[in-house]
Each structure stands twice: as structure tokens, then as C-alpha cells.
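In the two assemblies presented below, subunit A is common to both, partnered first by subunit B and then by subunit C.
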Partner chain A sequence: MSSQTEFDRRFHDVLEDVLGWDAVYADADGPATIEAWDSLAQIRLVNALETAFDVRLPDSALLEEQTVGSLKHLVAERGAVR
Partner chain B sequence: MEVTRGIDIELLPPTGDPAATASSQLAAGGIREAVRDVVREGRYEDAWELLRPSLLAEDDPATWGLARRLLQSAADEGWAPSCRRDVRLALLCSYESAELVEHLRVACPAFGIALEVYAAPYGQLEQEALGENTGLVQFAPSHVLVAPTTADLSFPALSEDPQGSLAAEVRRWRSLWDALGSRVAARVVQHGFVVPDESPLGHLALRIPGTRLSLVRELNARLGAEAGSTVLLVDVERLAGALGKQRWLDPRLWYTARQPFSYEALPGLAKATTAVLAGDVGLAPRCIIVDLDNTLWGGVVGDEGAEGVVIGDGAEGEAFAAFQEYLLALRDRGVLLAVASKNDLAAAREPFERNPSMRLRLEHFEAFVADWRPKSVQIAEIAETLGLGLDALIFLDDNPAECAQVASALPSVATVPLTVSPSEFVRTLEQHVHLEASWLSSEDRARADSYAARRKAETLREAVASLPDFWRSLEMRGRVRPVDATTLERTAQLTQKTNQFNLTLVRRTPEQIERLTADPRTICRTFELEDRFAQHGIVGVAIAVPDPEEPATALVDTLLLSCRVIGRTAEQHLLAHVAHAAAGLGYDRLRGIYVAGSRNELVSDLYPKLGFVEAGEGRWDYDLGGSPLTSEYIVEAGE
Partner chain C sequence: MDASFARRSPFGECIVHGCLLTMGMLGCIPAEELGAGRALRVSFSGPLSVGAVADASSTVHDGSWEVKAFGRGRLLARLRLSREEDESSNGGEAPPVLPPRPSRSSPATDALASPGQDDPHHAVDYRVGPELQALADQLGAASLADGLRNGLAWASYVAGMEVPGLHGLLTGVKLTLAPAARGASAAVFALRAVDDRTGRVVVGSRLTGEAVATRAEIEAFTRSAPRPPAASSLQPAELPRQDPDGAVVVVGASRGLGASVALAFALRHYDVFAVYARATDAADEMRRLAGDDAGRLVLHRADACDPSAMDALAKLLSAGKRPLRAIVLAAAPPPGSVALAGDGAAAVADYVTTSVRLVATPLASLLPVLAPDGIVVFCSSVALTAPPRDWPQYVAAKGAVEGLAGWLAVANPGLTALVIRLPKMLTDMTNAPAGRVGAAPVEPIARWLAETIMAGEVGPGLSLLEVPAEALTRETVQS
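And then the complex of A and B:
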């Protein structure tokens, strides 16, 4: 439970640094709901998440439209494999 | 001797890399936490002061990302870091420059430079440099950064004519520099090329002058010689090597985003570029002030005596000697050296006078202060004696407390705590201090300038002097073809993805395009381009349909080009073919329309430029009965 909280906190820090502070990011949020989330921001986000969580995400994370929830899933999935 | 050395090394206190790295990561994380807290209170200046030393000393992508966000939020609130110089930088980049720009926006204020950036559309190097009244010319830059990648070079895997291949590339970049020199009063900064880390010929590549590897190596050297004292170079190959090329280059980013360098590499690249800019605008540090005991030698001279200090022999002694030699090399290139030491003056001078292993001598120092006053007082006195501003000084001391005292009393002085083993002093100094000069000395500059003048006269005879010359030099061959089953997908993809050179922004699926091709009155064409450097494949689409209101008019419903080939007259070539086809189908007139979008401003006046006549409401007409549209610079290779 506490590790889940820690995961969410670190994930949120990355979202804030890339997309902007003082915002609440819900799992459903994505390019459609967040103005700053353009294609460059997504590439930046994926790379920042990979650094922060020491994982390698698939190319689809860069090429296909993602949401907060889908990225969390991708990171958690790969984190668990390691 | 060898054996003794081995034992000595084992006896040295562990300077464990992993532990040091872990603790510095912890520190970086801690700083980021603190910065986020301070920013939430709106204290942007405090946040920036917290971050700045980490930015200068480290290349941690997370810290740089945070700094980017901080500066952006602060700018929204009307705050920007105070800076000592202004630079107007125009960026000519052959790849997606957005991230490089973002990193330069962080690096420049960290070095005291207020940055204004103009980023030319990517790939538009010659077009921007040679064109009349381009965005670059209008921007009136103080500096132009030419940032290509190794992928731009026309070197084959194995050249049959290495000298010819090299000469062609040298000419290409030199022509660009000369064109910039004649059109804008700006200093050119050129990024060098990274020698590929893959080698199909293995280690044999080094022995064959025509391999891509040998050619890129040689090109860097040749460009260095060509640059002389006028063009500034950033040795990207050295930076990439220092980090490790497998970490520097990120193939995934290249293929997905046309961004060659990894996020890990970008801070270092931006800093190196900025350091070169800082050197050019007179912001490079002028004087290095050093402590003595355990900084220039091992041990305390007051206890050990002039001959007892560790210098010259053994692992530590050799490391201190190497550090002294490095400082001496800095002095040879014009950096002043000074001493600020808590010692009795006579004792402090003695090793310089009597210890034969010392590399540095008293005459190498412009100022020598040894007494018992606080170091900040000693340093202020040195600054006054030498007539230098505090921000031109760097202070090195193995004792972090002394560095902290100086940093707090004289915040403008850069301090570098040498808390690592002496074997790492040189690296630590290189990592913290970015000393760049635009040239060595005035005599060297004068000599180089005369070479440059001679070279320029030679260049003018052969240089590419205008855009038409550039277009001709590309030896472009085009192929305009009706869309068919094999090109449906690519055609649809281009209508979906092209945002800049796209007149109408009409998006279509392959099925929709297939329906259009079935109509005999509709003209659907793809455009392929090949030049001296590369085959670009299908890079343009044009679709013309009967105008719903005037059946004798063919309406250009889609006209687009991939950004790789903008500024090469491809649109004229493509339209000339569409016009020809329209005339063949019995149309009297070709009608162009422009629909404004968020990123296609570039083509708002395309039709009038091509000789179309204004017909009102964003429409332009071309009379197909008059003189035909022609394409002068692209040879049609199609049937």
C-alpha cells in the first residue's frame, strides 16, 4: 500500500515537471484534456518516466496516443517485470 | 617500485564511485524537492539560485527538466533570471530542434546570458542562409548556431574517392558559413559531427581512408582548420565520447522524433554550446584562485615542511602534479592563476621555491595571498588587485567549509569544492568550470585572420552564392505520378500528418483517396524527389478536382510537401505538372486556395508568389491558356 503511494507520488512529480505544476492529473487525462500534452511533451514524458523509474517503455508509448492511466500501466508493468 | 605502488593504492581511503554517485543522486533529488517547495510559494528567484549550481555541475535530465518547467512558470508570472549579456541566437538545425532550444533556454541564463531564439524550420539550412529576407535575416541574430547531424553527410559506407567526398562536404559547410557572413552580421557557431559508433568494416575501418568512420573523423579536423578564428566550433565528438556514444545517441528518439541525441546528452550539449557563446561574449571566467594544502599538494606545509608535502611521486603525488600541470596549461591559454591560503606567507611560498617536484612556480601566479584572514576577504583583495569583477573568479578548495564561506560572503564567485580524491581533481574542475575562449591571443588571431582572408578569396570563386545556385548544386530529379494502389497509404499518411507546407489541411483516408482516383476529371499526384545527397521518396501530394461552381476550373484541393523538401521549388514542379494535366483534361483554369491553420502560415502567400492572380476570398487563379508553369531546377525523371 505504501509502495503504491510512493509510486503515485513519484509519477505525479514527473507529470508536474513535464506538464505543469498545480494541476491534478487523473488517469483519464491525456492530450485531449491537457493543453500542454502535445507530441513533444509525450516524448519528454516517456523519457522522464523511463529515467525516474529506470524502465524501458515500448516504442508504442512514444508513437501512440497515451493517457496518464495507460502510461502508469506501462511503467508498473515493466517495473514489475524487473 | 611497481609493487610498492600497488600497496599504496590499496591503502588509499576508498573514494568509492558507486557511493559517491548514489549520494550525489540523493542530493539532486533533495534539491529538486526543495525547488518544488520554493516554487509553490512563488519564490522563483530562490528556486533558481538553488538549481543553478546543479545545472552547471551536473547533467541530470530530471534536474534540467525541472529547470525548464521553473523558467517557463516564472516567465508566465513575469520573472526571468537576471543576466549580464544578451544573445540573439538563430538556430539552423537539420533535426527536430525543439529540445535543443529548450535546453539552451536553461543553459544560457545559468551562464548569465539572456537568450532570444529564432529556430528556422528544420532542415532549412541553405534556404534560410541564402534566401532573401528570410526569418533568419529578419531576426538579426548576434549568433547563428549551425547544428547538423552525421546523417546529413553525403558519405557512403565506403567512398571510392575519399578526397573528393571530403572536399564536397568541407565546401558545403564553408559555403554556408560564408553565406551567413555576407547576409547577417553574426558569429557562426558550428556543431561538429559525431563519428558513428557502428562500423560495418570493424577495426579495419580505421586503416581505410574512404570509410564513413575515417571520413567523419577527417571532416571534423578539416572543419576545425577551416573555422580559423572566425567560426566557433563545438566538438560534439569529444562530448559524445566522454559520455559514451551508446548513451549519447538515441536511435529510438531519432526514428520516432527526428531527435538524434538522448535526453542524457542534451544538457551537456547545451552547456558546451553556451560555454562557447559565453566565451565569445566575454563571460568566461578569467582567474582561478587556489587553496594550497591538499589542493596543490598533499599534506599541510606548516607541519610537513617544503620537502615533506606530497607532490610528484606515488599515486597521490603524481595526481597532484598532474593537477598542477593542468592549471599550468590553463595559464598558458590565458587564464590567470592566484593563491588564497590560510598559512604563514613564508611557509606557503617555500614549496614553490625549494621543492623540485612542484610544477607550478611563484611566477605563474598573478596574486599570492597567504595569511589568516577569512578566504572571502583574501579573494576580494585579489579581485581588486587584478582589477577583475567577482563574477570572473573561480575558487578551488579541498575544504567544503571554506568554499561555503566564500559562496555565502561573495555569491558572485564560483566555488568548486575538491572533496574527491586528487586523482579526480582535473575531471571535477572540467565538470564544474566551462572555460571557453573564442581564440588564443591577439597575435594568433591576426595570423589566423590573414589565413582566413586568403581562404575567403579562394572560397568566393567556388562558393554557392545564391539560392538558385544552391538549387542547381543539389542536382534534383523529381517524379510526378498518378496515385495508384501502391502509393495510396503514403498519400493518405501525408494528408494526415503534414501541418506546415499544407495549403488546405484536408485530411483523407486511403479509401477516400481511392474514390477520388476513380474519377477521370480528378487529378491525384504524388511527387518523389532525389538529389545529390539522398533519395527522399514520396514527399509531396497534389489533388485537383472540378470546381463545384465552375466546371471549367480545376480546384487544387490538396497541395502539400514534407518539411524535408521545403524551400527547393518542389511546389512549382508539382503544380506545373498538375497544370499540364488539367489543361490536358480540358480545364481552362487552375484555382489555388489557402486555408489558414495553426502551423501553415509559411504558405499563406504561395500562390501569388507563383504568379497566380488573386480571385478574392483566399482564392488565386492561373489561366491555363497563357504561358505554362515551369520548373527550372528540378529535372523530371518520370515518363
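And then the complex of A and C:
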């Protein structure tokens, strides 16, 4: 499995765990498009991504509104292989 | 179910245990399907108040059942029950364990230490009573596999009594069934991760029965214990040469900003009437914190929504020696989380009504006894300029409060109607995972507010202030 595919799979697993199963998550998706994505869910997402990819994201990830795409970028930026 | 404990939580009221809600949601799944389940995942998004109704819906996909529970217009919890079983063996060496200790009879309140790689598992002499099956029967989950039913109760025990304990918030549980390993301890758990920014903890655990073991991964958030104001952070740099000739009323004075403002004024030698509804212990603590100035603090227990109680307060004030110089309207209901959908609209309206009542009722009774050049402080929020997505009710309520302030300035032009748009603060109301991130300590803000009022720099009419940055960065010293 390519590293990109593995990254996407692990990323999607975290999204499913926190936001809901059997959904398709596009990079533009965020609190405005996903009902379950509230402030608590964002914190859980950030923490779960940090655990899954063994990275530490900046506090802005917790405080500022994010999207699937922006979180992917943050995770990859911190050394998680895409 | 401790109402006074619940009032000091961000929810402000008793809520249903997450695993109990889960059991009720599982009752939506047909019995034969329920019995076939071997893995359960549940995620909690919001609290269900005791006595409130939740609507549940269930769907099936590839043999897995998903149930969602809704209340106040939003998703409260969802679960997935699936048939896959964890086939991996627990064979090989068992992880190191401590000698089992008795299960707790009261919840842990200690702060967590960071997990180390060699942290041992904790073994607990945990037993499941027959009442659990009876409860499952009552909730329609009678046919749920023993391992999953017991695992839910075990997860509830670990999160509520062990880690994080009394001040925790359970947000997720994953249960899987596996063959029981020979010689394994019956009930063990270990802390796997802690995030010091958010308080999130992940606990790995195992509950071993005769033939089946249940692996439970528990996600929860720690919260700090409610604490009284840090009085030493409220002290004035220097006292005025003469004591101020005046009294102040603070409505909502048992905790949060109201408590700190009441103390700040007492420490500056005002007579302070600190109005609170129920939290007698917290109010008594304020007297202790006021120290030598305790005699200036009048703890007045009254419901701010009760006109006759506020009229009685007004009579007390008019009989007092000092003129009433300021009214600080700091009482507000805990925000909770509401979506403007479904039955959420009624929750929004109810919240706005209560918020306005907590401002308008004291104002109606106390305005006649306020000095002609007095000041009324309306506690609003920066949420009005940057509305949080989860809080439509809170934003609407603060808008209404600011509207009342505008009216007051026109109807009583000699008075000062001071609207303070407060930042997110570390209070009982915000003592939740999302609330504490980026929240400012209360004491520097209370000190700034008291000193701003004392300085008399805000003239008659309507004024709107935000807390200046320098007031947000002063250190808070624990008392």
C-alpha cells in the first residue's frame, strides 16, 4: 500500500471515529457541512490525529475553525508521511 | 445525581450517564441482531439532561447497526454495533499488573500524571452485579452479549471512578470481544495518553470473564475541580485614602465573574450585596476569602428571577447606610449546546427568556434605589462579534441583554449603562474541553472592571467596552 493511501486510510479512520461512519469526507468539509463537527468534535479530531500520526499540531488547530483539508495539511506538515 | 455538584458543572444540571444512554440506544436494535453484536463503538457529542427526551434513529449497513440519539436539535450520541470479533489471542506473557485493589466507592479526584512507557496496569477487584442485566432488560437491551453489557458498565466505572474520575467527561468507548487469556487479571486499566492542553485522556482496559474478555478503549476529558476566586489576585495595588461612600449589588455572585467582582469591590472597601440563588457553600467561601473585609460583604440568597425577592432586596438596600452606586448583572444560565434545528428552537427561546429574566427582574426592582448617577453593568460577550457555531442561544441572549442596556441609557439618561463584552473565561460554565482552550482567568478581568468603575471615567449614557489586552495577561496567583 502506498504511503499516500496509508495516510488517507488512517486519516479517514480518525474522521469516521469522531464524526461518523460510512460517510465521504471531502477536503472542503468542515463544521459548516458536517453536522457532528462542533467545537468538542474538533478537539477530539485534533487529539486523535495527533495520536494516530504521532505528531503535535499547533494550538491554532484547536482554537480556529478547520476543514478536513486544513487538518490534512497540518498533519502532513508535521512530518506524517503522505 | 448530586444536584449541587451538577450546578457547578458546565451543564448546570444533572445529566444521564453516557453508558446508560448507550444501553437505551441499543434497545432500538432488534433483539436477534443485538445478540449477534461482538464490537461496539459509541461516541458522545452532547449531554442528555435527566428527564429530557431524546429521539433515536437506527440504520443498518453491511450487517452493522448504527443508532443516533438527538436532543435539543442536535446529535447527542451515536453508536455502531458490529459482528466482527477480535480473533487475536491474548496469549504470550500477560502485561505486568499490580495486586488487585478494591474497586472505588467514591470517584478519584487526583490530577493525572503523564503516562510513561513502563506505567503498570492497575488491577481492580471489579464485579458486575445482577442489577446490570435487569437494567438492560428494562431498556430493551436484554439480548446484548454479556461481554459488551459488562464492558459498558466497566467503561463507565473506569471513566467515572478511576480515570479521569469525578470531574471527567466521557466522550467515547470502543468495546471488542476476544477470547479470554489464561491467568489474566479480571479487570485492568492503564492510562495511554494525556493531552495537557485539552485534558483528553485515553485509557486502555480489559475486563476478563470466564470465556470472553472485553477490551475497552475509553476516551474522556479531565476537567479541573471548581475553585473559588483567587483573592490575592483581586487585591488593589493601593487602597484609596478614603473609603468609597457607596454600596454595590452583584447579581450572580457565588461563582465565576460575579464572585470575583463582588470580592474585588469588598477588598476596595465598598459595601457589597452579593446575590446568589443556591450555592451556599460557595457563598460562605467568599466570606472567608474576603478576610478582614468580610464585614463589607452581605451574602444575600435570592432568586434573581423572582420579583418579590428582588423587591425585598431593594427594601434592604434603601434602608442601608450607603447609597447604591452600582449594579453588576452577572447572572446567566449555563449555555449548554443547542442547534437551531428540530426541537432546538424552543431551547433557544427558553435560554433567551431565562437570560433576560436574570437581568430584567433585578433591574426592575433595583433601579428605583440606584443613585441618580449610578452605573449598571451588563455582562455581554465577544461572542456577539464572533458567534460560536454551537451557541445560537447564547448569542441571541447576549444580544437581548445589550438591547436592554441601550433602552436603559435612553430611559434613564443620568445613569451609566455599561456593557462589557467579556472574553471566554475560565469558569465553571466553561470548564469543558472546548471551553477551557484559550480561556482567560477571571480575576484580572474582575479587577479591571472594579477599577474601571471606581475610576469614574465612564460617563452617563451607553458605553460598550471590551477587556483590554493588558487585563488578560496579568498573572493569577492562587489563594
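In this text, the second predicted complex is superposed on the first by the 78 of 82 C-alpha atoms of A that agree within 3 Å, B and C clash if a C-alpha of one lies under 4 Å from a C-alpha of the other, contacts with A are read in each partner's own complex, and residues count from 1 in each chain.
Criterion: a contact is a pair of C-beta atoms (placed from the backbone, for glycine too) under 8 Å apart; a residue touches a chain by one contact, two chains touch by 3 or more.
It should be emphasised that the depicted structure is a prediction, and the values quoted were computed from it without experimental measurement.
When the shared chain is aligned, subunit B and subunit C each come close enough to touch A:D17. In the superposed model, A:A52 makes contact with subunit B only, not with subunit C. By the touch criterion stated above, A:L63 is placed in contact with subunit B and with subunit C alike.
Set against each other, subunit B and subunit C touch different numbers of residues in subunit A, with C touching more. With both structures placed on the common chain, the touch criterion links A:R44 to subunit B and to subunit C. Using the contact criterion defined above for the overlaid structures, shared-chain residue A:P31 touches subunit C, although it does not reach subunit B.
Shared contact residues of subunit A with subunit B and subunit C: 17-18, 20-22, 39-40, 43-44, 47, 51, 59, 62-63. By the touch criterion stated above, subunit C contacts subunit A in their complex at residues 41, 43, 45-46, 61, 64, 66, 74-75, 78, 80, 171-172, 193, 195, 197-198, 200, 202, 219, 337, 339, 388-390, 432-434, 437-438. Residue ranges of subunit A in contact with subunit C, taken from their complex: 17-18, 20-22, 31, 35-36, 38-44, 46-47, 50-51, 59, 62-63, 65.
In the complex of the two chains, the subunit A residues touching subunit B come out as 13, 16-18, 20-22, 39-40, 43-44, 47-48, 51-52, 59, 62-63.
Subunit B meets subunit A in the complex at residues 32, 36, 39-40, 61-62, 65-66, 69, 73, 98-99, 252-253, 256-257, 259, 263-264.
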